[in-house]
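Below is one structure, written out as structure tokens; the observations come after it.
A, B, C and D label the chains in the order they appear, each numbered from 1.
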Amino acid sequence: MTWSADEMMTVAAARALRDGDRCFVGIGRPSTAANLARRTHAPNLVLIYESGTIGAKPATLPLSIGDGVLAETADAVVPVPEIFNYWLQPGRIDVGFLGAAQIDRYGNINTTVIGDDYRDPRVRLPGAGGAPEIAASCREVIVIVKHSPRTFVERVDFVTSVGYGSGPGDRARLGLTGRGPALVITDLGVLEPDPDTAEFTLTQVHPGVDPAAAKEATGWPLAVTAELRVTPDPSPAELSTLRLLERPA
Amino acid sequence: MTWSADEMMTVAAARALRDGDRCFVGIGRPSTAANLARRTHAPNLVLIYESGTIGAKPATLPLSIGDGVLAETADAVVPVPEIFNYWLQPGRIDVGFLGAAQIDRYGNINTTVIGDDYRDPRVRLPGAGGAPEIAASCREVIVIVKHSPRTFVERVDFVTSVGYGSGPGDRARLGLTGRGPALVITDLGVLEPDPDTAEFTLTQVHPGVDPAAAKEATGWPLAVTAELRVTPDPSPAELSTLRLLERPA
Amino acid sequence: MGVIASLPEAIAELVRDGATVALEGFTHLIPVAAGHEIIRQGRRDLTLVRMTPDIVYDEMIGAGCARKLIFSWAGNPGVGSLHRFRDAVRHGWPAPLEIEEHSHAGMANRYVAGATGLPFAVLRGYVGTDLPAQTTTIKPITCPFTGEVLTAVPALNPDVGIVHAQRADRAGNVQMWGITGVHKEVVLASRHSLVTVEEIVDHLDPRPGAVILPSWAVTFVAEVPGGAHPSYAMGYSERDNDYYQAWDAISRDREAFSAWLRERVLSGVPAT
Amino acid sequence: MGVIASLPEAIAELVRDGATVALEGFTHLIPVAAGHEIIRQGRRDLTLVRMTPDIVYDEMIGAGCARKLIFSWAGNPGVGSLHRFRDAVRHGWPAPLEIEEHSHAGMANRYVAGATGLPFAVLRGYVGTDLPAQTTTIKPITCPFTGEVLTAVPALNPDVGIVHAQRADRAGNVQMWGITGVHKEVVLASRHSLVTVEEIVDHLDPRPGAVILPSWAVTFVAEVPGGAHPSYAMGYSERDNDYYQAWDAISRDREAFSAWLRERVLSGVPAT
């Protein structure tokens, strides 16, 4: 079977989830990846949506974060203040899944404005949503975003959600309880924070991807780990499950 | 029909409730009085118990604040933090009903300890329960308590729940949002705060009660209003409804 | 309290020019018909509050109702941007739009503070982000027991809170189920409130997951079947995903939007 | 997480001498059998936490389990005083009992703070009362937006939180309904938790008013039918009002209490 770069990205993200994890899921790719994981290697993955649905088990991919199928299949549906205050904030969630309009070398994320002037932005983005507190409080964060120099920037125009701030020690100094972004999964490969510098480094490429392509698509001088791994091909089971999930209802 | 002083007290308390009032009800006499009111002149009285039952409509008197009949007949059952934070604290409740082990001339209430030393009390009472915040936040408070010099004291040994503090203006100074105790209903009559001094004054006696008896049963020099009223006799309907309510199941 | 009224009556009574108005509904039970009625009644200078301003707020902003938006995520969910919102922020069309921006956790807690009668709420949030520099509504607060520094946000107490729900009884008690978001909080936090419902029934039979708002906690109840469209009311309707998709093209262009507004809202027969 | 165990196993695993333990249940679903098991296992120096210490805490205090009590209302509801509690406070029998006293609103908010991972909660409370002078756990806090002074109380995070509920499924998901008090808060606020249930079933069918605690939020689940007696479990049992009445005489006298304890608890076959 052949596959698209988008499919590879989603499969790689799904594989990053462990069975039994409690996963705070945003709509779009994170939701697709989490649902794929639940239907392949992680049947006991607990999907938590910020609409208040805990343990949702949708048979088809939800189109919004508050689709009826999430409420109907959830173990519990709780009010929105409760999902943030009782479940996210105290660190009960293992993995938070985030997207980004911009992400920088320390994994800080911008989903607010493009441009230097917040009051007169070049592009007005949707804003924070649940992301700042997901980034702060989940045990770890996985970012899924397509690789491009416009997205992977030296420094984000606006810090909506904190990764490692300006480097090692910043999260502790800020009192953030979660570990921060552990993986950035793109259509080209996987980036992980360098243990010493906290700078995101290419540790894995998808099959057939030249690391030079990832460097070119990154707005900072992207370091490449010495033992660069190659993502195993998507299995036929992964691909067929993904395509079934994504088939329009 | 004849009646007991206890019955008169309960009937007088029931009459103080207006139809449609939202009433925060403690167990015992307050609950009896509120249920009597709901079955006589105030069919739309909303009974709220601190167990979280809103709009309970018990057919028989509950023996505890959390009897099943309260949950089964309530419009809504909410968690205990919600009943205090969402419903009591913001001032949504019209009337709070309190009892007292001691009450002083300014309507301050003690249900904590008798004696001067909190750490070595003469009598250890149950404590605060919901009373301090009921006294603070209900639009007004009605106290039901039997008249005796041990109960009606010059100064309570311990302020569990604030009435008028040390006199006029204290509630505003303390930032308490509710009006405070409007009525103290006893087995002898009814006391109301003097509009100028906030001191509780005898404004009403039950049928056949000599105001001198109330003075004797009060630990401060009890003032008697110039236009002392006499409580109308309990009606046959009130008495028969009350007796039906209090009949053991 | 819990007075049953027509939608136009309730909006006319409650929503005045310059008011602070929150229409809430987290994907589910969004009071869209009420937003259209506000547009039809020509309200101006509103401060609009909503965690997730989506199509109905894009419409209200494009129609010129709003002076300010207090929010945490402004987008067309699953589709993309809100073009009327962006046009107002960037080009002041049809009127300049001031923004006060928070995270979801911050907004939810601001409603909770409002509902509980407190002037502020405390959360772990915003630390290290660029949001606090852009508003006076995010401040540090120190725990008096541990010395730890946390974040405070001020209460939201809108003049009017509006939500959609499944049902009410004839006394005006409201019942809703499924994803109820901040429905209870916004109604309790607001000085006055309106709940539009799919239907008014004789008796609210108990249902799993149902939340009840007692009649005396609600100002008006209006029967507006389909009043959440294109969002949905679980048990009554499905989300109209095509509408969300179609909105992108309609809203991209001022002329297309204005034509849509004339045809579909302004000339619309008010729901009764 | 959500491990199904016997009551003696779960108590032995979780409750150690000197621990802070909260058994909650607001009249309904009180985990009395768990309290008896703690007595049988001879635990000492516990800090016991409970909004409404009633018979089961009177028993645990009389049995010498407790060093300290954190509470807001200590009485035999509808009957009168707790004689073992009073004897411990006034005469140190069988052991001195330190107390930390709050109001219901304060205790409920302390659990909420604990459940939400905050070090403190804010409320309108205690102002003008004599309670703040008797504890270091009530302090003023100033709103950073309005300057208004409110009251702060510190989070409660017990080592072990124990509640009773109606049902669990075989995966350890817990379902309860009726008056659920601070059940959710105490389980989430505590480092470890035990839920005793009336029965373990294959499937938790949805019910009006039901609250769910997912398996992964609970440490142990133990099947203990009747484990709330003399309180009740809605749908399973009625409150045993006679027991509450009878307790007054049993508990008034040290000898009568000690005999009762030997016969009814210490020699009791542990629930399994």
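Heads up, the rule we're going with is that a contact is a pair of C-beta atoms (placed from the backbone, for glycine too) under 8 Å apart; a residue touches a chain by one contact, two chains touch by 3 or more.
In this text, all values refer to a predicted model and were calculated from it rather than measured experimentally.
**Student:** According to the touch definition, list the chains common to the neighbour sets of subunit A and subunit C.
**Tutor:** Looking at subunit C and subunit A together, the chains touching each of them are D.
**Student:** Could you let me know which interface, B-D or B-C, is made of more C-beta pairs in contact?
**Tutor:** Between B-C and B-D, the larger count of C-beta pairs in contact belongs to B-D.
**Student:** I'd like the Å distance between the centres of subunit C and subunit D, where a centre is the mean of that chain's Cα atoms.
**Tutor:** Chain centroid spacing, subunit C to subunit D, equals 39 Å.
**Student:** Provide the C-alpha centroid distance between subunit B and subunit D, rounded to the nearest whole angstrom.
**Tutor:** That gives a centre separation of 28 Å.
**Student:** Can you compute the centre-to-centre distance for subunit A and subunit B, using the mean CA position of each chain? Integer Å is fine.
**Tutor:** 57
**Student:** Where in subunit D do residues touch two or more other chains at once?
**Tutor:** Expected reply: 117-118, 123-124, 148, 184, 209.
**Student:** Can you list every residue of subunit A that touches 2 or more other chains, as numbers and ranges?
**Tutor:** Expected reply: 85, 89, 137, 177.
**Student:** Check the chains against each other and report every pair that touches.
**Tutor:** So, checking each combination of chains, I get A-C, A-D, B-C, B-D, C-D as the touching pairs.
**Student:** So in the complex, the part of subunit B that touches subunit D is made up of which residues?
**Tutor:** 27-28, 50-53, 63-68, 70-72, 77, 79-81, 84-85, 88-89, 112, 118, 120-121, 124-133, 136-137, 158-162, 165, 170-171, 174-177
**Student:** Which subunit C residues qualify as touching subunit A in the complex?
**Tutor:** By the definition above, subunit C touches subunit A via 26-28, 51-52, 71-75, 77-78, 81-82, 85-86, 89-90, 101-105, 108-109, 111-112, 123-131, 134, 148-149, 178-185, 209, 232, 234, 238-239, 241.
**Student:** What part of subunit C is in contact with subunit B in the complex they form?
**Tutor:** Going through subunit C, the ones touching subunit B are 115-118, 173, 184, 188, 211-212, 214, 216-217.
**Student:** Going by the contact rule at the top, pick out the subunit D residues touching subunit C in the complex.
**Tutor:** 117-124, 137, 139-141, 143-146, 148, 150, 152, 154, 206-210
**Student:** For subunit A, which residues count as touching subunit D in their complex?
**Tutor:** 20, 22, 46, 54-55, 75-76, 85-86, 89-92, 137, 177
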